[in-house]
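Before I ask anything, let me first share the structure, which is written out below as structure tokens.
By letter and in written order, the chains are A, B, C, D and E; residue numbering begins at 1 in each of them.
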């Protein structure tokens, strides 16, 4: 089921003018505050009626300005996790979470209350009212409410922003499983590149109401041109990988097109496909394979481009096997190593720098 | 001006029982969702009257249950950035931001509207009403409103959660300057360790209403025992540093007790003090100083402790000069290098891994 | 100068005309205030700035007299009225009723109602009840009585066809083309219907006395008569 | 107590309660609908509807009673229609008193409820819709519980008004003991005759007691509802 | 138009407007205070105050008027006190009509405003306090603007009621043309005499027109206020 969005709508500072295709999986909407992300999601959900354009979901027309089609909100069945919570104040947490269940069509299936409450750490507060919950607790109830309505698609507007890292670590894999198991498409807004990189199959970058880049996550995220859009610290490459085998000392060996990577144990069967994210700043370059160093992961590559920034940094794009890697180093290092395009080079990656959070089961 | 909090208050799931001292500078309240952070801030602001205990600010009693002192909220003059916005819907952005100004006492001073609006990117929307702002825009207005009331202290409850990385990068240095220039104490709640590490002079870790650890940021953050509280990916050490000199190629040389570090240009005069954060996962260990590698920063040290986790990872704490560094490596590497306490070792740090965002002017 | 006259509401048409005449004649103004007699009497008890009171109910005038609020010797019975049985627009044209002890009013009403003013409170109702009682009709008619809060409301119930018959003042019936007078109650079937008038103690002055005198003048009497009232003592 | 009030007076008390409760009970749903429509919908004639609803407040009650008589009376267009099709009779019946009371109370009810509807955040209703709930379901599970304090306030205002209504009632359905003689009619009757004050004040006391009881109950209900709405 | 209504009738129209506007203008601040107190404060006798405010709604207007006459009349305890100390006279003056109207309108105003106060999120007022604003300032800059739709609704309900009030007014201040004869009194008087219906209906029309105009204005004001409050 894929989502097609092609809409125009006037906003206060600019016109929203957005066209993109969201294939199965997670599509991340990425962009600065005020870029128009929430507005796009509102249009998809039916809360906002765009001035022009159309929105299709899996072949069904949700909205078409010309044909005057505008499917009522409640018939769209899209689970929306709002940026601003919107819990029902007069209902208990349990009632909030179960509100949408009765509207799931016969034959639909999805997670149960216990499972979701447990995942979200809400089991102890099912009978409380939202008014006396903490900010993060509210946000978790909102996530649970959307999940439990067994929607056709999830619209999530910064769903994890108010949550601590540990809780995020629990929820993210769950979302991944949902995405994979139920084939549930997700439109996902987040300012956290880590979340986006981990979840997204495809990325749409918005700027002042316009799509400036969209495509598969691997391509968009390893595009050196977008480094400044994404933020220096968050730039990095996504590499498809296959689980090769599990070692006795708890490491898992992955094969990528450019070689092998060792990671802390992954709970995946050998042969399964996944992908890893390697931040540009976690990649050091060496002219020769270094010895006596704690980094386990060293990939051989060739320099494709060398972009010097305005500051003292430089972004190096490497071809390693069929994949492209990004490395962010200082100009001084670039000069010391006499780096130039075409040069053979070793990328030194700390194994632990490829954190669990950056491995998507995609 | 320091803040003393020592209060007890019953909550839904547990009793809040918190005592800590917040010295000048930024005190970060850190803890999982529902740990009681907002409740503590509410008590300091006067919105919540604790059942027991007392709260002092710079020698003045804000609250004392026994002495029946409870300074009215509006006389506390604490700029509170709420987790849930709370903008005045009937006022323009400008009116919202200037609301507290008239109550600043004669002789008080602080930033002006233009300066703050510019910093927060709100200049174009000063005449709009909050209802039609995006989530992040609202949050920025809330920050501006608190700043412009020229408070004696700032209470900030996840102020940057809804903002993109680039905007955060603009606001954080400003908060640092406020902290340093006006000596404005800040009580700061955040789930982002990067923010905490950058801003905090002192850290209070809450768990289920109890203080589990508190003290200077350097100590708390480099405590290997707290790695799991803080999150594996966020663990790291804070090192005091002095700006040594600026190099022509745009790098700035810092001296730390264990040696020299090279960073992208810092806008600070030679001789000024700062501190840098080095994430455990950004530190590789090498038996010999490596050559031909893009990492510029190599510190010599000695292994203090070696903690193997439940997984395949290990946390190594190093003594380097007078500072302690953390390194997170795989057990396999630890074995391959035959690491043991007391051993001489080289910490290889990618210069860019010490990101700008982790340099506080503290 | 102006003279405030508190007058029972049913006197409005006549009093308005008299006030206009008086002004034309003397240049002085009569300011009438109309309301139910009970209200006016209570207001007078509380010091209302009225000079003359014309009540539809001797009882209230008695009360004021007892309270010493009247100028001694000024109370006169000013007007007379009678009560009539009326039928509404729904009644057949050849319906005719002669009121007497044998009139089977209850049967005539069928399942309809007999509209009256409040039979224990409002003068027209009190007189009507007295008349029906003395004729021996009350017990049979009582369950069919619909009591309105004043005569006009009772008249309206009949006029709108809501109630087939009603008991109202002759003055009211005469002015409403919707209703037809079936018969007048014999004068001896109920206490005399008199409208007493008096000068109030707080308002005694030459001017008041002049107005009061005008009210009993032939000119005023002619107007009252034209509106269907009888003149006491005539 | 039974000695203190005569049987006719007890009848009046009972009748007033019956009339007021029916008046509010039946007009409340319509009031909620009208309030919702005025608060949320745009339709032609909206201002007219708003005006008509307020009429009984603006007009002296006697006029309202008179207009009721003209339209809902046996010969009135509405009255004869209702009689022919549903066998409903208002004239001289307690049902007419209830109709008059409900019409007089209607503007008070609608205003309260409308204010409550206007203060419900449509975002919550939207959230319910995104979860698949059709409009009517949203109304009953989200809107209605949230406006409950307003509904209760409106109902109690209406009830109080219905208990005190007199002018329109007596004009429309007159004063027939046991059928249409409500407490206010009885009080009025006593006030018309010299010396009736004491009896009237006794009934006033009864009326005040009943209404204060209702008021107290409504306060408790409203507080409970408001507490739920605040979500704590 | 001047031909259509006689001078006495114009007088009644003007007087009704004057009485209603004064009644609302003067009682609105007190109404806001009372509503705020009932919504937000806890104090002994709160339920009693609430009950007293509702009394004029519960009692037949005649009774209210009678009680006013007894207490605010020249010989009444309050009336004589006010006269001696302040030279204020209510009895049989238009001021008395305004007093009666405001007392009859008071419960309607208070209910509306109270509902509005209850729907203001105290968190906003708290936010204002953290910015240094003392209570009164918070009230005038945050609470009051946010309850404005409720205040307008209350004022218009009250105004409509004041325009239509009759029973208490005529009982308290009588029906003296040019002084205390308001529109409803004039209408009532016409309805009391044979053939007065047409004239009464003409006045009803005037009364309806005035009130509808006020209603329309209030709707516009309330919509504007509500739009501000919604923050868009």
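Everything below uses one rule, namely that a residue touches a chain if its C-beta (ideal position, glycine included) is under 8 Å from a C-beta of that chain, and two chains touch if they have at least 3 such contacts.
Given the structure is predicted, the values throughout are model-derived calculations rather than measurements.
Steps from chain B to chain D, taking the shortest chain of touch contacts, total 2. Looking at contacts between chains, the pair that accounts for the most C-beta pairs is A-B.
Of all chains, the one whose mean C-alpha position sits at the greatest distance from that of chain D is B. Put simply, the chain farthest from chain E by mean CA position is A. One inter-chain figure worth recording: chain D and chain E are separated by 20 Å, centre to centre, where each centre is the mean of the chain's CA atoms. One inter-chain figure worth recording: chain C and chain E are separated by 35 Å, centre to centre, where each centre is the mean of the chain's CA atoms.
Our note on geometry: chain B versus chain E, Cα centroid distance of 57 Å, whole angstroms.
Between the CA-based centres of chain B and chain C the separation comes to 91 Å, rounded to the whole angstrom. For chain B, the set of residues that touch two or more other chains comprises 84, 132.
Residues of chain E in contact with at least two other chains: 62, 66, 188, 191. The set of chain C residues that touch two or more partner chains is empty. Contact between chains, as defined at the top, is found for A-B, A-D, B-E, C-D, C-E, D-E.
Every residue of chain D that touches chain E in the complex is listed here, in rising order: 47, 50-51, 54-55, 57-63, 66, 107-108, 111-112, 114-116, 118-119, 149-150, 153, 157, 160-161, 163-167, 184, 187-188, 191, 200, 204, 207-208, 211-212, 215-216, 219, 226.
Chain E contributes residues 123-124, 126-135, 138, 141-142, 145-146, 228-232 to its touches with chain B in the complex.
Residues of chain A that touch chain D in their complex: 45-47, 72-80, 82, 84, 86-90, 99-100, 103-104, 129-132, 145-146, 149, 151.
Chain B meets chain A in the complex at residues 12-13, 31-34, 37-38, 83-84, 121, 124-125, 128, 132-137, 139-140, 157-158, 161-167, 169, 191, 193, 230-234, 247, 249-251, 262, 264-265, 281-282, 284-288, 290, 292-296, 311-313, 327-335, 337, 348, 350-353, 355, 357. For chain C in complex with chain D, the touching residues are 36, 38, 41, 59-60, 62-63, 90, 113, 115, 118, 120-122, 145-149, 153-154, 156-157, 160-162.
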